[in-house]
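I'd like to ask you about the structure that follows.
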């Protein structure tokens, strides 16, 4: 039995497979498909201080080997999450990474403070990179100074492991990540969706009411793997890889590139049990080579 | 948000072999699956269908209403793009991933009323399933069925054997020359309730008429869907109360009066595709 | 008969379908598949002052709905092109856009000067955005000042229509394009490939000898359409759209988004006659709606 | 760079229906196409095969050597990934896009010499085609055929009927227990010339032995290919003279002595896949 455990800062995960924010609801909706506690952990749908209804329809459309989404961070809000969802997650023994989102520094701080008092939250993931909201958090993620600032501010109010989720559109990705590392981030998550657009040529207008949406799915995997490689080369803290992972082979690609853990996003729509299958597939790959997951991390770089 | 979905249930995701494919013309196909272990579907529910053979594209599973339930459930597929093209080519024995039954079926009918079922094209599927159910429970529904032309009225024979049927076609190639809504008016009286599925533009019109006439009206919505069980939040339906409901878990069947049709414009635009 | 003609600055194209640099050789290799003169034009493989042998193998690999390439701008060099290829292109009446590439300002200038004396070149396309060469042109394409500088310098030495091809990785894409416009570019081409990586999990190392490669194909189309939309909103000069175009429907998507012409890249590998088929498909679409191509341009924006 | 490719020729891209698929075990399939109008292939040439049904993934056509030419050419496909899996499932009547014949075939044989053909696994295809040709032209080739096991020697019966055959398997399940290179040495004498196709690692070894023994050796290379006709420059082969040749237009058949095997390391790494 090879070890599947990985450590992200002080946080131990039973395996490197997490589910991605916005693609796994609040972690409860999948209970009917498999025991979610068997995953390394889950990232919640992005939480804001107040509930958000999200963008008008249409919000999604399919593209070659990918999809565009402009959900607009619809979510129940941090209060309802703590009241209705978190207790059930605790009960089920699920490792929870709370993905939080705000449009101002103060709101980011308020969110982190609000969660600090709650039990059963194992890490905070700052979404500074959502492409789908006007004056959205994405500015934070594209600018080195702003990213540093939001990381530092949240760092001050939480003792929990702090992850920062990168925007692939940051002109200076590595610079932004380094700044977050310097301000005390425990891990960098990469990548969020890439802004795209699809046009309905019969109706002669964008398919999404929001015009643009975030591109996700297998189509973006090569871009994500490259960014994870670049980040892992530049950073001391762990990188959590994400982008188009559909099979165990894909997950292993990210581990070999230098990711310490990975997140499964769009693949859960295609197959609700995708994350569960990937856990098994990665274990099998390790068994065949009698390598632990930690021995896989960054191995393609040697 | 969608409490109904939070008790872990099982058998909601199965790999099922196709038992047979009956083609109706070249653009409609009835697919029947063998799924002894699956959860049983109610009229108005749907399933997310995909095959691993699709590889990376088409990427997402395709939502399909149940045409019939039981352990050999069937769907009626209209070919209109990459995914339905592949479904229309499926051969017996091919294995498909079925996530379902999903969503809320049609609301229980009111035994004191007569049911008027209004179908547009492939929208017949969930209504034929409903009609069968109603008849077993002693009701006497009437079905108004419209399509572009005679070729776009799949399964109308099955309906005719089952209950009262009124047919309309845009080109007059069969039945009344015109729209279902023209035949609907005379049924919009006290003692009736409407159930409708079809192109969104048609449903919007039917809903408006029913509401104006104070007749209860239930619609089955088609929105783009990625997951089908309430996690992607892609299937938003704008509602009168403000904000959105989600077609996959709060629907697809809903009381027409809840929907903010004015804000549903892009949804209505989907009509072409329905 | 609806008009298929478009104007890009002073250059008239018989239709909006061009082939992309590096995906159509020197325009001669396709003569066996169809009459290349029926296209709006072709962009040559990137030309440098001296011949270049390119990168070690493997240079390409396939990804979901896309491919990675790290050719390394292998090309015969401007002299051989002018001697062996250009005369044949002239003979065949093909509209030629010379795609040029250099790693220094002086070389860019020398290349443009060398081509100025040649007949049968209808425009110059500056590749300031190739991701596959170290100290490669890409720096020019990512920095507003450098992009402006190279455009201005080449502008001074050529009377020919001057196109500048954008890097999708410019942090400030619109800013870079505006700078080029201000310095006298006649059109902006977008987009070049996006840097990506694929890892062979059996060999545990990157599939490409160059490690990273440029991602092209249908996978990147939504990103390209969005960038073309953004550029068309910001610029006065025409935008030439490119990225994942495989069918006429795809080409029309770019036109509706605001591109005045489009280029066909990877699709020519999948089907050597792709560009030819797209010319027919676009015409058909126009006929059905009795709209000219120029009436399609930007129509999704209204 | 590849002048041979610049005179416009025709019939090099056809949509051809599959005539039949003969499967050998579950991982090898002989596909025979009907292409009355196509250009005729010579041994050693290849074609780029794709089906529109593949949609966007697999994206690129797959290079396949001709197993036989004429107006009903065939290929031997080994299933090893997404594309070959689909090819292995093809049914008669399915239409494929064939771009070819492409590349240079085997160089003309030397009538004063005897030809030693060295095949590894699926590398048998272009060599069986060559053997047939040699025999029609009065030559008397010998073929050394190696595979992992007895299951990996498709078409060996056909070879046996045709000419002298020596078989080796890594696991000894058939013929000589070992590698082709062990049987090769005794043929490496004046008066012989070698033609080889198989895993790159095998070809590298065969080439090295032949060169050392001063016996002419022609190899057929497998490199990744996007276009197949000299425009993508993806199929680079490092050569002794420095720089690169392109397998699709300068090959796939080349004199082994031209290749810089030392710089071809990634190519040799492909061996696993060949």
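We call the chains A, B, C and D, going by the order they appear; numbering starts again at 1 in every chain.
The definition used in the following text is that a residue touches a chain if its C-beta (ideal position, glycine included) is under 8 Å from a C-beta of that chain, and two chains touch if they have at least 3 such contacts.
Note that the structure is predicted; figures quoted are calculated from it, not measured.
Relative to the C-alpha centre of chain D, the farthest chain centre belongs to B.
More C-beta pairs in contact connect the chains of C-D than those of the other pair, out of C-D and A-D. Computed centre separation for the pair chain A/chain C is 34 angstrom, with centres defined by C-alpha atoms. Separating the centre of chain C from that of chain D, both taken as means of CA atoms, is a distance of 35 Å. Centroids of chain A and chain D (each the mean of its C-alpha atoms) stand 46 Å apart.
Note on chain placement: the centre of chain B and the centre of chain D lie 53 Å apart, centres being C-alpha means. Touching of two or more other chains is recorded for residues 64-66, 217-219 of chain C.
For chain D, residues touching at least two other chains, in rising order: 56-58. Judged by the touch criterion defined above, the protein chains are all mutually in contact, each touching every other. Contact residues of chain D toward chain A in the complex are 56-57.
Contacts from chain A toward chain C in the complex involve residues 63-66, 68, 142, 169-172, 194-199, 201, 204-206, 211-212, 215, 217-223, 225-226, 229, 244, 249, 252-253, 256-257, 285, 299-300. Chain B meets chain D in the complex at residues 55-58, 82. Note for the complex: chain A touches chain B at residues 22-25, 28-33, 45, 53-62, 64-67, 69, 71, 74, 76, 88, 202-203, 209, 217-219, 246, 266, 268-273. Against chain A, the residues of chain B that register as touching in their complex are 1-2, 5-10, 12-13, 50, 56-61, 97, 99, 223-227, 229-238, 242-244, 263-264, 266-267, 269-270, 272.
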